[in-house]
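Shared chain: chain A. Partners: chain B in the first complex, chain C in the second.
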Partner chain A sequence: MTTARGKTIFLWTLVMISVVVLSAPTLVVLGASFTAGNMITFPPQGLSLKWYASIAQATDLREAFLRSLYVALICTLVAIPVGTLAGIALAKYAVRFEKALQIYLLLPFTIPLIGSGIGLMLIFGNAGILGQLWPVGIACCVINLPFMIWAVTASAGSLDPDLELAAANCGAPPLQTFLLVTLPAVTPGVITGSLLMFILALNEFLVSLLLVDARIVTLPVQIYNSIRSIITPDLAAISVVFIGCAALAITILDRLVGLDVFLKSK
Partner chain B sequence: MAVAETGLDRLAVEGPVGSTAVSVRNVNMVFGDYRAVDDASFDLQEGKFLTILGPSGSGKTTLLRMIAGFQAPTSGEIAINGIPVGHVPPNKRSIGMVFQKLALFPHMTAAQNVAFPLKMRRFDARTIPARVAKYLDLVKLGGFANRRIHELSGGQQQRIAIARALVFEPDLLLLDEPLAALDRKLREEMQLEFRRIQRELGVTTINVTHDQREALVVSDEIIVMDKGRIQQNAKPSATYRQPSNSFVAGFIGVTNFLSGSVTDVTDSEVAFIAGTQPLCGRWVATDVRPSAGQSVKGAVRAEQIRVAATPDRLDDLQTTVAGSVMDVIFEGERVVYEVRLASLQDATIRVFDHDPSQHAEFEAGARVFVGWNARDVLVFAE
Partner chain C sequence: MRAYPLTWRLLDVLETGLEKVFPRRLAGITPYLMLAPAVLLVGLLVLGLFQVADGSLRTLDTTTFLMSESYSLDNFRRALSEPLFRNVAVKSFAGSLIVTAMTLVLALPYAYVMVRTKSAALRKILLIALFLPFFIGQVVRAYGWLIILGNQGLVNEALSFLGIGPFRLIYNYPAVLFGLIQYMLPFAVLMLAPAVTAIPEETEAAAESLGANWIQTFIHVVLPMARPGFVGAGLVVMTLSLTDFAIPAILGGGSQDFIANAIYDQFFRTSDQGLGATLALLLVAAGSTLVAIVFALVGTGTLQMGRAKQ
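Take a look at the complex of A and B:
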């Protein structure tokens, strides 16, 4: 009894510490964005929405934000079919180059982004598509695709293998089985993966930095350019908008598939 | 009770001999160097209920999967309604299957699950709702059409799986231990339910189980498998009363084996000596005759043995042996005694006593006598 109690207290302490540590930067930036002063400080000096008004006025920030959304959209649209098929194949079949694929799946953790960024810059330069926005979306997709594949593989791996046999037994030919049974069953994984891809592409900085020029900067690059001169509270405000986007994504996820699907060991 | 009922009905159903619905010919399935199904052959008449019974790993599921078309046999031929199906993919076979873990589609409602085979098999869209409703009623789930699968209880999911397998009126119904996960009461209910539905629709059925009671209660025919081989293919009563070998005798019911060597062979009886105890029994195999000195074992079921405090109470039995009670197991409707027999090299046998009120109820350590008739001892080669 006492040991169980001690364990509970210990666990809760850990959880509380994690929550504080994880949310501290968010809370600080959230507070700083509402400051009435001209300096980015925490706690804020007075309360006002003037920095939100200022970012709404700033066309360069707004355009950069729209460009980032566009990049994230391209990235997600490409990732959905590619990642879904690859994820299902990896989970279900003895894929021929499994070893090579696993190494690829580890790439985001092993290769510094600057490396992949330079590589892509050279490739896109040779292809003559540097300076356009859509290749940035493709680049984000290439770099982050393993996350998508993982999300789908996790879903497909927990699938009952008899499900597809049952569909065949019901008279479904292979294509119908895939479209009507396999795909819907991995949908939670596809949705998670897509939102992850979207958010990662929205936030992608290093690779964008290498691939964009002054005319097509994305939001993270725009923010970076600004902090090189002076750090003003409008950056805190734009960060809060970013956080809002992520929160929105999570809400959509919850509405579509229910967060409990992911919080349980699925 | 249930056994008696199905027994009567079986007589009524057995009219003219139907045509062969399933024919399995010399089918083998080899995984690497492991033979999961070894030269299996049987025929099943239309409308019959066949149960494949066997211990874990005996090849039951493998056999069923080959019939369903999920796996191709290494060699041999399977024909359904007289047509070889070797090159027919599973979705082109008219077979309904209830999987061990049900494999219901989790993203569909109960009704959508049942409608799925109809859509895939291109039934007229206007007739589908009525047909789905009919089959949901058949499994007594008419009011649950719009429930999601995870909103149904285990037994209800079971019945949706049955409805999905039956709704397109397949030529053949395959059941792969779909009841194994249920508690005993629900399982027995569902067994009778299967039997009711199967008889109502007259669909040829192959049922896989390792529950011998289920096999005896619901089947027209039982195939007993062990190590990939078919050991016996017979009616339930024959499987129980005339097991074709010692594996079947030991697998079904509670059977005591008494090992000994043959002393004398007459037309219908074999005399053998186990330890210092002379015994007598029936020789079962028809193809070979026992010879004197051969090692054999006599099989006698726990319910064919009676136990008493004195030998005179067992006067009517041909064999009586003295023993001592080792253990008493109270099972409600009966008492099981484990009795050690000194004259049979201390062999321990199990005896059922269904009516303890008539006899003395013995305690562990009590000196008792056990007895049986020679005709209840089946003798097999060792």
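Take a look at the complex of A and C:
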């Protein structure tokens, strides 16, 4: 047990348990979407694409998916300028009350989601915009904003301030320095951040559940409402859309910035 | 003239425009202007909390189903005295403690192997196994568990093949805890990994060359040095699992409510907004106290967003 071999066996047993537990639901949903039966059974009743054909016909699922895309798009479009500016400001300038500002900007993470969601529901209700889709996008942006700011500050921190001084020294006015030196340097962070914002808004469930009504359900809410009644494989087929989006996001993230960035020590 | 490209002209126009609306002597407030949109956006949450606080002071008139005009502390008395809410709170707190402990136990070896492995391919596989569920969302994951563990799910079907079962594997407390551990694991590993990266491999080698076996090295070197990561990961796992809604709702089937489910029910089933707001406010207070204690004791740690300390 205390040998090097014992260490390998011990660590690997735990890691394998984790990998199985992490991957099992994804793999099972993938498998279930290809079943030929009407129910999800073991052993599977053969392969077919009929559930994909059935979701292609289901307008309610398609519309719910389009609404989720719309929400994610609004969220990302708002988060990019807001988070980028805030991230650069925090990374580059010595601001007054820096500590308090940081804690304030971390509020979306420290306030429980149900609290944030209900608060936003009450505000949007008073403003008379509850029942529209764009406030859901704004809400998703607010609750995930720290992710965007983190991603940008991480990039901006690795930008040498001398580069900006050099640009200014060569005669570049402030806006040019910002657009041609600072912004390109933080682009990897902006890409990472906006991908995170998009995918998290696409999947956002609780805040959506609180802010939408029956006419404008987003896809996670639609799936939630359906699995409470009967579990049929068409839900697995539509869930594969989420798995596909997640896989796509991971691929883009890996290509553009590399997944390894998440292992870097600060 | 051709030497001066169009983009430069455009930039010059923008620059002059900027100079007009924002003269350079105001440069000192630039960072505050850059932070303003984010501060305003997060301000929505603060505004929301004020609304929740306002609601918590109004009681529901059961004859008219309207909220009272006057303020009272009745809701707080009910929230703190009714056994139903006490049970839900105890269940959630105990659950989140168990989930945090189990998640950290699984997360540390994962982070350790992922950081220390020499194989880039293995590292990538472990990273993908982590990000895929993280990016898929809770509802789809919980749906996957229903297919696997449901009464007519894969496990029970397979067991009935062997002539045993069926067992009730979902809609109970352990199922909720299990679902939460699976949900939290990626968060915990991603917060622990940078802390493990920061431990020099030489330190471990030194411990081992002095005669420590790997268990001693792990306990006396790796664990203490990974402490900043444990603080961040533990805090995030604890607060997120304490306040989760989807997993208790789906894998608990309505019988295993956590605090968030109780709040939701007050708003949308009982329609007692005042009591729901009170519970929400108490949850926010409990969560914030937890976070504040940890921040005060060890600082924002890996959660920090500002300039890197040099």
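Here, the second predicted complex is superposed on the first by the 217 of 266 C-alpha atoms of A that agree within 3 Å, B and C clash if a C-alpha of one lies under 4 Å from a C-alpha of the other, contacts with A are read in each partner's own complex, and residues count from 1 in each chain.
We adopt the following convention: a residue touches a chain if its C-beta (ideal position, glycine included) is under 8 Å from a C-beta of that chain, and two chains touch if they have at least 3 such contacts.
Quick caveat, the model's predicted, so the values are computed rather than measured.
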| item | value |
| --- | --- |
| First, second, both or neither for A:Q176, with chain B first and chain C second | both |
| In the superposition, chain B vs chain C on chain A residues touched | C |
| Touched partner set for A:A168, first chain B, second chain C, both or neither | first |
| Which of chain B and chain C A:T187 touches, first, second, both or neither | first |
| Which of chain B and chain C A:L22 touches, first, second, both or neither | second |
| Touching partner for A:D160 - first (chain B), second (chain C), both, neither | first |
| Chain B and chain C footprints on chain A, overlapping residues | 173, 176 |
| Sites on chain B touched by chain A in the complex | 68-70, 89-92, 95-97, 99-101, 103-107, 116-117, 120-121, 164-165, 168 |
| List of chain A residues in touch with chain C within their complex | 1-4, 6-7, 10-12, 14-15, 17-19, 21-26, 28-29, 32, 39-42, 78, 81-83, 85-95, 98, 101-116, 118-123, 126, 138, 141-143, 145-146, 149-150, 153, 157, 173-176, 179, 199, 202-206, 209-210, 220, 223-224, 227-228, 231, 235-236, 239, 242-243, 245-247, 249-250, 253-254, 259-260, 262-266 |
| Residue ranges of chain C in contact with chain A within the complex | 11, 14-15, 18, 24, 27, 30-32, 34-35, 37-39, 41-42, 44-49, 51-52, 55, 105-107, 109-110, 112-115, 123-124, 126-133, 135-148, 150, 152-154, 157-158, 161, 181-182, 185-186, 190, 193-195, 197-198, 213-215, 236, 239, 242-243, 245-246, 249-250, 259-260, 263-264, 267, 276-277, 280-281, 283-284, 287-288, 291, 295, 300, 302-308 |
| List of chain A residues in touch with chain B within their complex | 160, 162-163, 165-173, 176-177, 180-181, 184-185, 187 |
